[in-house]
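Same chain, two partners: chain A is paired with chain B first, then with chain C.
For the complex of A and B:
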């Protein structure tokens, strides 16, 4: 049983170090996401959460370590493998970036369609669009609006919808709830559940620990570029250190 | 019925445009050749800057290169004009790829400054290389029929517009616009942003070089300061921005209106007309930051549109 789950790792990160130019941000990160699992990544500002996701998708170059997707290395310093971002997307990774990064002057539908850029097939595109619209009825209502004119919550929905269009096996979301109204956050949490139910693995960066631990069964705590704690969400919620540092209890 | 009328109307205009040299004088034909050549160049700038978001300030380098390739082919190897133009276009695209690989990594101001430098560098090189005739320039054979230039440039412009329309409805077009809108996000969608930028720059260089080749044979004399004139780069930018950057026909409209106005003003106000470009840039930036095509596409236009523009785009 134990071996079985080990074989099914969606994402495995070992001893990963990364940074920008002269500043190293991540130090020997070890992290894994099982097949179909939702994992949260929490930590304060500047802990390196966004850098970690950007390194996994290939926007930031690692210094050393190993990143594997479904047991196949996408980056490995020992085997000197580093495949470009588009190959990682093709192989099933997708990122909803912090600040959403929509294409502001394009319509919502164009934005979402661009998520399927690598799926070069107009027929399946239509089907995929319908699927995504089913998940986000509010996005469908706005499909002909320029994406830059939507509200923050709607933009976040478009960003998630766009990321889903590449049919990811591993969906990474950077700052799910940042700056959004609680009502919207509740809707997004529901959507995360729905996405998870389809078998997609998720790695969610979240500053709001309560939100993070309610969407994920397992979580990692990042502090100044290092994993300082990890475990089941339930245990973390009861941890006195977490309570004092993040929950103010 | 309305639709039929529209097509008949468009067909009549197309025929009128295509047959200008048959019914109008040499002056008008000459004026229109200038317009069309600038329209090709402005559209070339539009591809890399208007659609892809990389404001090149040295697109004249492709024009100069194209002019010199056509001139050298025709003088040294007596190749036919059209074949020389093909060589020019290939040279333009290749040059765009070669310089594009290093400089398209730069963004915004840095990219603009480097492109400005490349135009100046090519001028200096041409001045000092013996086979280009150095500063003395090159004289080309005279064309037997001056109307040839009108037809050739018009055909090139039409091919360019049709080609661009085709590109824009496909993956490359969406890739270009995605790069302009948000390059990081484009990368995350799996778009090969490096390839998209280089392809866009190559298209830009390809057609701008043809314009240079046509110009060389048309004017029968070229020298470095004329064909590498940085003011031409600026004119391409003004025309495109005035007409509407990132629109298919904006650069063509911009080229026509600006050359018409500047020719008219320079004959009537010999000194004052130099203020015209400066004034036009300022007015366009304040009132029409999105260009003429955006105004035309609005349904009902009033003071509100301009006030909104001032409010939104003020520094």
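For the complex of A and C:
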């Protein structure tokens, strides 16, 4: 029994290839996130990090391979399974996309409420709203503002709040800190810890290796669409290749 | 005093124009499809009410509900089974497709119902009330009131209901809408259905005011296009402003210059809008 729960991975990706119309971007990716784990994904510009997250949630169509959420395939070429994004969200995936993608002409609260689109209960909606406002007091202060008018840091908070409204088991964040002031980044890191503490698994794309390796115990390095390195964050921090490529040491 | 009568006529017509165009504007703003078959849908609404009146003696202001239902289903199916397949294609492809649909619908209507002029003419069609030298026909007043009410109903629908929020979400960011779990293809189909349904209702009322023919939609597509454009896309009250504006200008113009210039005025406004403010009266300037 104990082995069973240990084996239960939140996310398992095997030999995944994906891309756009005539360019393949991802090549035979293997990656997993354990139950309750926070994993970082690092790599330089154009490595395919966003493409990977978008493929996992179903916005990009894979070419071949396997994607499993809690041991159930959401995509499998051998079994010809590919469930649409809305089913993946219903089953517990959620993505904070790169660039946030808020609905600019809606208020902050409308944006966040849309995160609970598949939740059908108005009463629980209010409760969930209160919960995320507790996590993001700044967002609460701005709740009646149009989302397009917020600062970058506030937008990122709204995007995370919105993604939490579907009560994800696996929360994926694409570029947690990109373009944000250090004080905001510190707040976001704290929030990642808080989210992780509730048992949510996280897969975080992060260009700032220091930030990435401080939120996650384990990390993958992606280069031109392939996983070139993986391991414990502290081992990666000591790795000479990582040091020269990402830390400028 | 005569000018006042023209203003009243123009506004009453403008309200109906607003309803006529709001469906096109909604579909355009949400799905990015400029529906060149919009006038054909209005024409179908006009015939629906005409036949229900002629065969079942149903009052046109009651049968407009049937028009909405028929055109909603028709629009939903067109979007779901035809247009959704080319939705990410270039604008040119969707233009071509809806232009083809327009020709198809018009020709089927002509084959089925001939090109004879018809009109829905309830007994009260020419009644009205007068105040001094001002005359207000009941049907025009009713058409105006219903149009304005429906524009506000649409606003509330988009703002307050779950489906409405899905429509707004899809119109602002398709990928983000998908991430919320929204079924984008279905939302497009519902949007098209609502747009077509409102075109149907407009057609029902237009059919009481002007003759119904299979080709009546052609100029109405153009007018809807102009109204949607001058009102500004992606705004709910844009078509209202655009409709009232066109109604006024057209009524003034045809009175002072002659009725045959009405279409010239429509084209003139179109060209002027495109030159002066391509984003429309209520549209945002740089987006």
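To be clear about the criterion, the second predicted complex is superposed on the first by the 243 of 249 C-alpha atoms of A that agree within 3 Å, B and C clash if a C-alpha of one lies under 4 Å from a C-alpha of the other, contacts with A are read in each partner's own complex, and residues count from 1 in each chain.
The definition used in the following text is that a contact is a pair of C-beta atoms (placed from the backbone, for glycine too) under 8 Å apart; a residue touches a chain by one contact, two chains touch by 3 or more.
As the structure is a computational prediction, the values presented were derived from the model and not from experiment.
Aligning the two structures on chain A places chain B and chain C in a clash. With both structures placed on the common chain, the touch criterion links A:189 to neither chain B nor chain C.
By the touch criterion stated above, A:125 is placed in contact with neither chain B nor chain C. By the touch criterion defined above, A:135 lies against neither chain B nor chain C after alignment on the C-alpha atoms of chain A. With both structures placed on the common chain, the touch criterion links A:110 to chain B and to chain C. In the superposed model, A:81 makes contact with neither chain B nor chain C. Shared interface residues of chain A (contacting chain B in one complex, chain C in the other): 57, 59, 84-86, 89-90, 94-95, 97, 101-106, 110, 113-115, 117-118, 162-163, 166.
For chain B in complex with chain A, the residues that touch the partner chain are 171, 174-175, 177-178, 181-182, 184-192.
For chain A in complex with chain C, the touching residues are 57-59, 84-86, 89-90, 94-95, 97, 101-106, 110, 113-115, 117-118, 162-163, 166. Per the touch definition, chain C reaches chain A in the complex via residues 162, 165-166, 168-169, 172-173, 175-176, 178-183.
Considering their complex, residues 57, 59, 84-86, 89-90, 94-95, 97, 101-106, 110, 113-115, 117-118, 120, 162-163, 166 of chain A touch chain B.
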